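Please find the structures below.
Shared between the two complexes below is subunit A, which pairs with subunit B and subunit C, respectively.
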Partner chain A sequence: MDKRDKWMHKSYWKVLGVVLFVYVIIGGLSTPLKPGIANVTSEKSLVYAGQSFTLGVEGYNTHFKVDGKIQAWLKLDSSHFLKAKNVEVINDNTANLSFTLPTISFESKAIEGLTLITYNEKDGTAILPDAISFSKPSKLDSNITNDAIWVSSLPIFTQNTSIMFPYRNILNETIRNTFFHVALWLAMVIILLAGLYHAILYLKTRDLRHDKLSAAYNTSAILYGILGLVTGSVWAKYTWGTWWTTDVKLNMAAIAMLIYLAYFILRGSNTDFDKRARISAAYSIFSFAALIPLIFIIPRMTASLHPGNGGNPALGGEDLDHTLRLFFYPSIISFILLGVWMATLNYRTEVLNEKQQLKSQN
Partner chain B sequence: MINTKLTTFLPIIFTLAQDIDFMRSTGKIYTVIAGILVIFIGIVIYLRRIDNKITHLEIQIKDEHKTS
Partner chain C sequence: MTVKHILLLLKKEAIIESRNAHTFASIILFTLTTVFLVNKSFNQLAGMQWNGLVWIILLFASTNSIFKSFTPEASKTKLYYYTIYHPLEVIISKLIYNYIFSLFIFGLTYVAFTFFFGNPIKDFTLFWTASLVGIFGISTVFTFVAAITASSDNGSVLIMSVLSLPLTLPFLLILIKTTAVAMRLIQDSSVGDDINTLIGLDLLFLGIVLILFNELWKS
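After this line comes the complex of A and B, so read on.
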């Protein structure tokens, strides 16, 4: 028994991994979403200055009826807001908002989307971008006047501070996938780092223990990579409408997976364990060096549908909502711990196998 | 009244307002959570069994090594 392997027999970090993952499952799936606007219906899709129109609003997790004092604005830009003239609440999730556009037309861009902002005390603010299109310069009948005006700012809203996940229109409840799909990939990269570390150490010391550990970590990591691809595919099917798409990040991630799968074919095809260890170590260093630009750098340089690249808001770093972080970071830690546990089991089995083989040879 | 407490994180409070039991409240999400937990804990128990078997073998080999 190698003294450096003593930590593999301890239970505390394995229990921590399990407990954290159970916490993520329970909390991540049961915390409700913030109230948001699911849908907006109107007879006209394009409106002009001076026109009156009604927007039917369908809310998600909203409580329009609770105090009845729901307010709504249409935002043109940071200094033009139009307050709803009349609000008719039908039930907790449905309301009709009547707006009258002022008789002012603008010189600049032809058609711009107006953002709908609703507010009530119980739910806080809900936002839907591009609720309706507004034609800025319009053929205006100069006889029409109304008392509608663009206000230059919104009142200060009191925000709802209880723990709820952000509501995003295409994602809806699938935002919870952040704790699984994204966490899997990040855990994979960290476990691959451990594999890389042991690969380098093997080439330095020629100690076969490092080769076995490196292979074990890479195995765990590739399992996570495959699971990441599958969970991403399922997520894509119900948000983007397709299981796979010719998107940069997806293709780069698939290529990175193929490069690592070749690592295992390499290991399987070599019978001389010294040679196998040397080739695997060198190949895994190359694979990791290829992985970083493939899945991190190249996608960010291009326009991409996948969040976090090409101008899309990311669900990570500065863009991650603080309520999501409560479950996202524990999820990464738990995936790393569970992955390391599986890797240590793999490694210990290999050690026992080797001892068995040596014994049977003597 | 803006809810500033962590009570929305403990959904038990809300179920008392509805006239249905815990597992059927809030769109039966708790049934889903229970199912996933059962699967996960099952896998964890399986991992733990393998871990114990390996530990047992390692102790066995260590003892054989000492006595031989």
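After this line comes the complex of A and C, so read on.
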């Protein structure tokens, strides 16, 4: 046994990887989503000053019935809030809210979306942007009079502090895929870096150990890449409606996989150890260089649906809040550790195979 | 490493090419036959198909031609070069030669397409700038992969295609986009960025090829 391989036989990091993985699976899948507003229904799609209307609210994970005291506001901007006149709770997830818009006049003529905010003590606040469109009028119908007013601020709410994932429309429960899809790709890049490192070391030292390690790391990384494509495809089905689109990021990722699959064909087509090692190290360095423009540069230049490209936000803002981070970072670490573990197993079998071959030849 | 050696090697390539006139002729014939085949199967081409097919024909014709750039050298000849030339001289001469050769094939395809289908290009400066820069990247990738395939045990055009086609895709996609802009098929005000990206990719691949060729050549 090579002295440098000692760490592969230690078990603490493998245990850590498995523990983190189990934690991510159990915690990541069982933590509930924050209460949110899934949908609103209304007889009017556009409302004017002075009008009264009812919004049917469909909540998700909400508990409207628990204390029955839900409050609701429509928000125009940071200094204009309108409290619901009447709240009728039907069950935990449905309620009808009646609003009467004030008659005050605004200078601009624009149509703006009103944001719906609901609050009750058990759930905290839930928000739905653009719940209904409001036409700011310049002229008013003088026949309409009412005593409704815009208030300039909201009361202070006590927030629900238990650990829950943010509720996002469209994403809904699939927000948990962050722990798998995104983490798999990040882990893949890091494991590919390890493969690249050993490829360079092979060319420097001509030590076949580095060649085997490089191939083993690349194998793990490709497995992650394929799993990343699959999880991404499932996610796309849910959020975009199709398994696969012509989106540039998806196709570039698929091409990157093709490049690395060709790497294995190249390895398979050579039988001489030294030649195979030299050629595949050169090719893997070359393909890593091709991978960077494919995955990180070109998708950023063109229009893309994928987060992080074409001006879309990626990780950050409200999409990755603290509760998600609680599982997201452990997930990346666990995938890296498990990938390295698979790679070392691959490497060790390779070493044993070689020994066996040498024995049988003697 | 001297320019004189590179020129000598280039001259040698040209001489070998002229002695094997049949391979040269067969590649010209391959290109023309494919264009004719396209002509017979499509009869007429809209701008985007014109654009895509020119590049695809270039890819396949140059895979075939560049593949042979490392194979005719028997191992003894290789050893001989190894003793008198620096590997950098060898790879630079191959890169230049293959670049010129790919440009020639591209020019041929371009003329043949113009002859059969007319010429939809509106902005010739943009088209040729993008082509000159992009073809350099494509021929660099092909040269490197040809070197890899030539030194591997079961090297064949098939292996070379499998290895190189995905690697040329970044170039191809940007090229198709920029040349479509040159044909006024799509609008893009930031087309200069695409050219810059192509130049950047060219330099990246060129750098890696120059560093790694030494390793392949040693065998």
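Following the convention adopted for this analysis, the second predicted complex is superposed on the first by the 331 of 362 C-alpha atoms of A that agree within 3 Å, B and C clash if a C-alpha of one lies under 4 Å from a C-alpha of the other, contacts with A are read in each partner's own complex, and residues count from 1 in each chain.
Following the convention adopted for this analysis, contacts are C-beta pairs under 8 Å (C-beta built on N, C-alpha and C of every residue); 3 or more make two chains touch, one makes a residue touch a chain.
Just so you know, these numbers come straight off a predicted model, no measurement behind them.
In the superposition on chain A, contact of A:Thr271 is made with subunit C only, not with subunit B.
When the two structures are aligned on the shared chain, A:Gly27 is found in touch with subunit B, with no touch to subunit C.
Contact with subunit C, but none with subunit B, is seen for A:Leu294 once the two complexes are overlaid on the shared chain. When the two complexes are overlaid on their common chain A, residue A:Leu154 makes contact with neither subunit B nor subunit C. Of the two partner chains, neither subunit B nor subunit C is touched by A:Val40.
Within the superposed three-chain model, A:Ile255 lies in touch with subunit C and out of touch with subunit B [touch as defined at top]. Residues of subunit A touching subunit B in their complex: 1, 9, 14, 18, 21-22, 25-27, 29-32, 121-122, 124, 158-164, 341-342, 345, 348-349, 352, 355.
If you check the complex, the residues on subunit C that touch subunit A are 144, 148, 151-155, 159, 162-163, 166-167, 169-170, 173-174, 177, 193-194, 197, 201, 204-205, 208-209, 212, 215-216, 218-219. By the touch criterion stated above, subunit B contacts subunit A in their complex at residues 1-9, 11, 26, 29-30, 32-33, 36-37, 40-41, 44, 47-48, 50-51, 54-55, 57-58, 61-62.
Remark: subunit A residues 203, 255-256, 258-259, 262, 265-266, 269-272, 275-276, 278-279, 281-283, 285-287, 289-290, 293-294, 297-298, 301-302 touch subunit C in the complex.
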